[in-house]
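Each of the next two complexes has subunit A plus one more chain, namely subunit B in the first and subunit C in the second.
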Partner chain A sequence: MTNSHQQQVTIHSEYGLHTRPAAQFVKLAKQFTADINISAEQQTVNAKSLFKLQTLGLAKESQITISAQGDDALKAVESLVNFINQLED
Partner chain B sequence: MMSQQIDKGLTIMDFFSRIRRMISGQERVVGAIDILAPVSGKIVDLEQVPDAVFADKIVGDGIAIQPEGRYLVAPISGKIGKMFDTHHAFSIESPQGVELFVHFGIGTIELRGNGFTGLVNSGDTVEAGQPIIEFDLDYLKQQQLCLLTPVVVANMEDFKGINKYSGRVKANKDVIFSINTQAK
Partner chain C sequence: MNIDGVAVSQGIAMGHAHLLNKQIIKADYLSICTDVTAEVAIFHQTRLKLISHLQQLRDSSDINDTATELIEADILLLEDDEFISEVEQLISQWQFSTTAAVERCLRLHAYQISQLANQYLASRANDIESLSQRLIALFLNIETAFGQQISHEVVLFADDITPAEFSQLPLQHIKALVLKSTGVTSHTAILARAHGIPALFLCDYHHQVIEAMPS
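Here is the complex of A and B:
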């Protein structure tokens, strides 16, 4: 049985998910074995690819959905949502 | 420049990938992809960039350049993945699947576009050497920011290795690193 979770979160940091936080986000995502996707405005990309993530152009107030499938899906989604909520710049 | 024999020891897989590249219009069928300098200046080790996501290679592996001149150009032919709204950085993907990031300076996002003019848009197809961003170096030098410009491969996991060059480079003339495309 596949373990699947998803959660919506809004980015509040001033410059959105720019290169530095995006790189840290991807590094965190890679620590999980689950397949993780980020959706925003009908586009879905692999959360473990910085290149693909940047194409979403995530700015301040962007609403994203983090979804994961795999053994550590719940932990992955919780950790990544937490990361987004704690972004400061 | 690296040169590699392609007519010896071709395996079936090599043969098919060669045909595939020929069909897609790529001429070079060597085991390395050369990345050209996107800006003129001196090559600096990535480790010296004062931002951990670059220095620790979290964004990717490559080099940084202390920039000179007026233009950031495409370091390889391909498709612009992202032209940042603030025009301080862009990403580009080559037809061979190399994902590159070129990020002008550190903290330059805070300039909100001042000092930079974007010359292309996300999704545009560009040729190597085509100007992508015009920058005002005099203005940027007054901003108390580090202008070291990392040029990194964001998907090194797809390749076998990277050979970096050093010294002074000219935009669109000199190779800054070669990516080894042979299967792991």
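Here is the complex of A and C:
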């Protein structure tokens, strides 16, 4: 059975997931083998793609769902949610 | 002569006015790709060449953490499977030349970003346009060393300067920046502040006036 996990999180940082934190987010996502998606406002994109992530327009107070499928899905989602919660600017 | 604008990086500076005219590099939309494998191979060679240039720039000692992170973002985009797949598709299915495929793909991407509701995020479309221009310039073997002709202290006037272009400037000669566009929260504003270069953005001036000044 495929291991899958997902969690919702709200972005609280002033400038949202702009270029620099988005790049850090993608680099973190790439450390996991699981397939990871990020959804916001009925759009879902590959969390390992900065190219796609930029098109979501994730600003302050955006609610996103991070979902992962694969062996390290739980750890991937926990790490990425933790990253979003710790964003400062 | 007075020029008003928004002071995004404070300070007082003096220098000769120098107007930076950007070269517009055009993609080839007329040629039809007849050898898909060769065209795709050229795309990858050039993409990897730009990544290598950016890695060298990132690893050079005279740039700060913010600039490093922005260069990292450009590298991530050039390595992005979704970007690569879209360009390859334009070449293989629609027989676009490499330059046309890159420009079409990145221009559409920049347009999508420019339409975002959040202005701060939408203003990043300029960074994507700049990446497209640099990639196409490399395909066409056009030298884009930015502002390298500046050899004495200047106050630099330009329509806009992206973070990537800022990183190529001979900063030791740039006493101040005066730009027509770009907002207070732009990456270029952040870089100007980080380097202690006074900067005035959103200025309305005529090119002819700056060109007429003694240099």
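Couple of notes before you dig in:
Note that in this section the second predicted complex is superposed on the first by the 89 of 89 C-alpha atoms of A that agree within 3 Å, B and C clash if a C-alpha of one lies under 4 Å from a C-alpha of the other, contacts with A are read in each partner's own complex, and residues count from 1 in each chain.
Operating definition for what follows: contacts are C-beta pairs under 8 Å (C-beta built on N, C-alpha and C of every residue); 3 or more make two chains touch, one makes a residue touch a chain.
As the structure is a prediction and not an experimental result, all values here were calculated from the model.
Aligning the shared subunit A places subunit B and subunit C in steric conflict. Once chain A of one complex is fitted onto chain A of the other, the partner contacts of A:S49 extend to both subunit B and subunit C.
Once the two complexes are laid over each other on the shared chain, residue contacts for A:H18 go to subunit B and to subunit C alike.
Applying the stated contact rule after C-alpha superposition, one finds that A:S4 touches neither subunit B nor subunit C.
For subunit A, the partner with contacts to more residues, out of subunit B and subunit C, is C. By the document's definition of touching, neither partner reaches A:T65: not subunit B, not subunit C.
Applying the stated touch rule to the two superposed structures, the overlap between the subunit B and subunit C interfaces on subunit A comprises residues 15, 18-20, 23-24, 26-27, 49-52, 54-55, 57, 59. In the complex of the two chains, the subunit B residues touching subunit A come out as 51, 53, 58-60, 81-82, 84-85, 89, 91, 93, 99, 101, 103, 109-110, 122, 154-155.
For subunit A in complex with subunit B, the touching residues are 15, 18-20, 23-24, 26-27, 49-52, 54-55, 57, 59. Against subunit C, in their complex, subunit A makes its touches with residues 15-16, 18-20, 22-24, 26-27, 46, 48-52, 54-55, 57-59.
Chain contact summary for the complex, subunit C toward subunit A: residues 66, 69-70, 72-73, 76-77, 80-83, 109, 112-113, 116-118, 120-122, 124, 127-128, 185, 187.
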